[in-house]
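In the two assemblies presented below, chain A is common to both, partnered first by chain B and then by chain C.
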Partner chain A sequence: MSKKEDAKKSKASSSAEQESVVSRRNFIKGTAIAGAGAATLMQSETSKAQEQDGPGIKIPEEIPRTLAEAAKPANFPMSGAEVFAKFCSDEGVAGFFCCPGNYNMINAIAAEGIPSYGGRCEGNMVSAADGFIRVTGEIAATSGTEGPGFTNMIMNIGAANAARSPLLVIASNKTIGEDDTEHGIQTAYQQSQTDGLKKWGKRMITPNRIYEYSAYAFRQLKTGVPKPVHLDFPGEISRARFEEPGELQYYYDKTRYRTESKAHPNPADITRAVEMIQRSSRPMIVASTGVFYDKAWEPLLRVAEKNDIAVVESAPQRGHFSDGHSLSASTGLDAIRSADLVILVGQYCMPSIGEFAFGPDARWIRIDPDASDIGRNVPIDLGIVSSEKAALEALEDALPSRTRQGWRDELASARKAFDDQSEEYYRLGLKYSADTESIHPAVIGRQLNDFLYNGDIDRQQTAVVSGGYGIGRYTRRYLRAYRPGQICNGAYQYGAIGPDIGYTVGVGAAVQNGIGPQAPYKGSPVIGITGDAGAAYSIMEFDTLGKYRIPAVMIVYNNNAWGVWTSGGGRGATRAQHMYLFQENLRYEKIAEALGCNGEYVTSPEQFTPALERGYKLAATEGISTLINCQGKKEFWTNEYPPSMPRHFAPGALAYYK
Partner chain B sequence: MQETVKVVSAELQNYADRGIFQNFSLVEQASNGSVKYRFHWLAEMPFNLTLYAQKSKIEIRDILPAVPFRSEMDKEFRIFLQQRSAESVPLHRRLDDQRFTFSCKNRQEKLSITIGFQVGDGGEAAKTAVNLLHEIFNNFLLEGPYQNYMVEFFNVSEE
Partner chain C sequence: MSYLLRFSAGVSPLLLAFIYQTSLAAEMPTEIAPQAYSKSEAARGKSYYLINCQSCHDADGRALANIDFIAADLTSPDTWFYGDSPLHIFRSIKFGAGLEMPPFKDTIDDQTIWQIVAHILNIGPKETRPTEE
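Moving on to the complex of A and B:
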């Protein structure tokens, strides 16, 4: 930021003190809003956009006022919407993200006291809920209106489905009475549109079965392998009136309609697993999705340490086994190729042979709660049907203590080789940046690593949305996870880059509210990473970040092109290249400024860390988010700049497919 | 000679039985002891492995297409092959150049590898060939700047 800009900023801040309206310049200071919205709203600084002529950007007084209102849980007589909202509250739904529509329902959910957020696009709100889930392990809900709103949600539901997120999708759906008539607008048959993108779904048609079907939904969300559940509510259901409990079918407590019981492993299978582990010289656990959702990270640690078993992560979230542990293989990629026994724990999204880098002579054990999936894609030497936690606890009991010094040494050596390679990429990145007067993604990754893990900030503090396409192939290399839910792996399996800012809203909301593993870091800033292609899909959510004072720093790698742009010119294609390119040097940070947030523009390595420091500080102290627009070159993905576009490697820190 | 064919076939069949290969077939057996095998594994196109039992050699033919002779990739590949015998490679993955010989050929811009073995060591040579293929696809092609190459010649997804 130039001195001139600083001076302008100071002047603007000074004039802000004189304002009496509730605005970004004069806002509730340090007010923790519990329950309804759970946003911690703090006094803000002035954005560059406010220095322009015309009315300044401000947060209307209704937002802090209504967020501060006490929850008003429903009681009989209740509407159908209130019955459902109360049900969600009783089941512990931890967050709710929506755009208006499905009005009775979203109002009832907010009234129940479930932390609720309203954003700018239904799809992004799905991803906000998904991101929230991925770093908390708790259920979140999302809602859109019928027809257009609902169809906006589809891509993001697909991403949540691929990630196996326990996401509750609710959407209004006209009325049963108008079915097939096309009376009015926005008619859509919803359930068929989420076929293949959900675990279970239902269009409710009988008002007094609303409670019963809510139980169906939560049985699906809370048992076995999770995936989205989709309920659509015609008007007759959400508006129905229930005077007393006797009017509802199957109206009883959750202890009656579902069980907390989980599958435990067959002792004979555990005996066989122990034999295989003891025969192995280089065993490795792949700690995946199920370890996180079953909250099994403590038994995982104990099993690994008891028998010196290496652990590598692969999941939509990272951190359930710390990258800092001497048995971690998440950054010891070459050691993955050496494992002679692979123990997949909760690997819900199964790789095919060859997608994981394990060698052809490795043996495979798979632990999974769903017997019907064991043996799919990867042939097993032993399958164990069990909850992840129960199986790991059983293994902990059954395994003898053992030291495998050779294996530990190989892991350490592999991690060092990875770090050395990362340093080499950084050196190359600095050279390429200097040669092109831009910033190479390896430089962004390395400086981010330094800032988050080697400076004044507790290295466990900052949750990161690891997104982007090309940029992600570098930043994943430098990101670390030291505690559960520290990294949300944005593109996991579905490869969607557009939701990244949506995920950042959700992860930010999770940290803002201190949900699940985020509790110790409540209120801390979060970091998001995406590319220019991805940012375009969800950049309007900077309004949502600003409106709720969700403290985030979003790094946007801007290389003027889709990440796959080399496909348009490298194979003799004619008249195609233009479709892969954008206008050059677009100023995405100015969009953030125009939406009441802060913008930084970075065109060289020297500018990045200072921009990051300013953004992080602003987020931490004022709750104001920043977009850092990092100007790169699309040519970095060509072989003129090796390693150009590094290839996908899984499992481990670089993984995003599985 | 028949014993070599038997053990090499069995070793490769074992990978198929374990589900590592997607399929496996012995496609041709000549009277001079050469046997051609084909299997699908790490790529869309099948791998062709030929056992020359009389000469105690296994050839993995045309592993990498479109690699001009003496090109950067050709050179890097040969260096990679050489380095697989280095002490820096963990012993359990190191190519044993005392036990086997390894040579690389570029014919019509296609790279092939031949592994020579001692009589009676065909089974281990077959395992070595399979593991070397794995290292080529999950190490050489993964660590190098070959994203665009893999998209173009192996039909891997751009994503």
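Moving on to the complex of A and C:
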């Protein structure tokens, strides 16, 4: 080929590429793609970054086109990857989040029609899957490549493990045949790296056992107390070929390789529990993780109402008992201290005595599917081994109807005291904001509460990722959950700084697809909350939000420092403070703009609600996400601005902080 | 109060404590309550300690697991910044101390604070532990 022909071909190719790129205006005019992974992709003209000179930010045509392709479920003959992908599909895996790598596997999973998302860092995609699980109750999977991709996933797997999320971690892992050679680089022994961070794991080494081990994995994911399950796939497994079912070991239908049967309570235990509840004046149920995953919120409501038992939530998700119910103690700290009988239901991550806000004289009943955990950390007066739903149904049948008006009055009083305190914090926040020409976190929390629950939006509509470190201590006071899966409690029991934007991708995807309890609110915007320290770990996922048009508003509280900065500023610290601080007044919203999303910068209370309104509207109408950069002061965490960083915020929101 | 903050960044904790003490003197007891020396009150104080103090100072008082900041090791009074007498301990609980420790004057009554003081003394050096019944 001559240079001239070459140039001509190159030009034509370039032109074709130009045409194949979806222009912003064309896209918004004519394309609304409902794909396997993204409900609707739309373009916008709002990004300031796109108004600059130079090529505009665009969604390439391959993205909506391939999302719109029909699923192509595998059938024999199949590769190992296809066998596994089909298995996942048959088991109802509801979402898949990955970065490229493990190519055969991720392609096979996408082909099955499982809603699939590709992001910018494997760890964030783990958190996306985790967030998706926390608000749907369904299994999601996540994948990374070989050693580097896999090791990026570790922190986020740890967070999922603490939250007891049924997360399926799959990662490619070189080949068995070249173990220890370092041939082709990226070799890593994976299973030992997730020790202590998973329920079960296996490096597959025998190709024809892939189906059998898939069954092992889903038995673990779907029974008892969930945690991450980690499978790693050497090339010999994922690329094996199977002509017909007979080549696979233990190739049975799911009705035969596992059971849906669950443990039911011993009637004698229920009788004793009823006696204890009847003797109690102020009984309180802690509705935790297991209530959500066992979908037991309806029997929970019936039990509570039948015998006037208060309910407080403590879980990686909130809303399985509405904060709007007159028996809710989730915003009634004083009532929690007053309870004389605590009934832990499905409290999978078990805090120690004192990590709850319960009084020292309370008696304890613990209902849990795992007998081996009952009695750990908190000495119990009665342990009941059962699925949460079965136990609550048994209690519903056995308990007499009873009215405890005094207890109801005390709950109401406690909620009012909490709300009054939040109002006081808000007033202080306004004063501090004015004094410092910034925005105090109590102001953010209170205005967010007004917008989500007291305005034009159905208060059950918006799912929220309640994350952040210091900011979370305030916003949790003001956030409410009125239906299952409405709040993803980001830092629950692991305190990881960084996953919040990943969680927001996953929660947004769950709402975008209308999975589980999110179905009535399909397509609604979601809200995420994080701090400046946390945002830095995962802010590139604004590209993922933009690419899939996941409608989100991310509130970033920017106080120019790690939340723990006071550790470097007092108690005799020398030459240390610099390690805890960032440059001041960083403009995180401009990063969102540079990634094709919208940015807002807020430096006063008056600016916050209008920015929130603009961001929410943009998300709802155009699918464009917004980052609201809220400029605060690190000194708000000190005793100069009481209550500084509250230690006793919304009870049950994060059990180890009460 | 910004004056306090500037000083609190490592210059003079004792001065900071003095300022706190001066401004809050009206609410401070002047004498040590007998509960501080009572073993039974210390046992009672442990329960309230676990509810109110554990999240920063840990169940055993050593604050080894605190992820938020460097809290005081309550078993080693010689490392404390704001005084180690029973009145000092009472003051720190009631009015807060340093940058991080919040005041508990609105959530814990004085009698309970003295019980917590007794517990803190009880996990400290043998010579300062409560000996009365």
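Here is the rule we go by: the second predicted complex is superposed on the first by the 613 of 658 C-alpha atoms of A that agree within 3 Å, B and C clash if a C-alpha of one lies under 4 Å from a C-alpha of the other, contacts with A are read in each partner's own complex, and residues count from 1 in each chain.
FYI, a residue touches a chain if its C-beta (ideal position, glycine included) is under 8 Å from a C-beta of that chain, and two chains touch if they have at least 3 such contacts.
What you see is a predicted model, and the numbers here were worked out from it, not measured in a lab.
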item: First (chain B), second (chain C), both or neither touched by A:Ser567; value: both
item: Partner chain(s) touched by A:Pro643 [first = chain B, second = chain C, both, neither]; value: both
item: First, second, both or neither for A:Ser338, with chain B first and chain C second; value: first
item: First (chain B), second (chain C), both or neither touched by A:Pro379; value: first
item: Which of chain B and chain C A:Pro73 touches, first, second, both or neither; value: neither
item: Which superposed partner A:Arg282 touches (first chain B, second chain C, both, neither); value: first
item: First (chain B), second (chain C), both or neither touched by A:Glu410; value: first
item: Touching partner for A:Gly455 - first (chain B), second (chain C), both, neither; value: neither
item: Chain C-contacting residues of chain A that also contact chain B; value: 337, 353-354, 357, 359-360, 495, 564, 566-567, 570-571, 637-639, 642-647
item: Residues of chain A touching chain C in the complex; value: 337, 352-355, 357-360, 495, 563-564, 566-567, 569-574, 577, 635, 637-640, 642-648, 656-658
item: Chain A to chain B touching residues, read off their complex; value: 281-282, 334, 337-338, 340, 353-354, 357, 359-361, 378-379, 410, 469, 495, 564, 566-567, 570-571, 637-639, 642-647, 649
item: Chain B - residues contacting chain A, complex; value: 15, 18-20, 22, 41-42, 90, 92-93, 127, 130-131, 134-135, 137-139, 141-148, 150-152, 158-159
item: Residues of chain C touching chain A in the complex; value: 1-2, 4-5, 8-10, 13, 47-51, 54-56, 59, 67-70, 81, 96, 98-103, 107
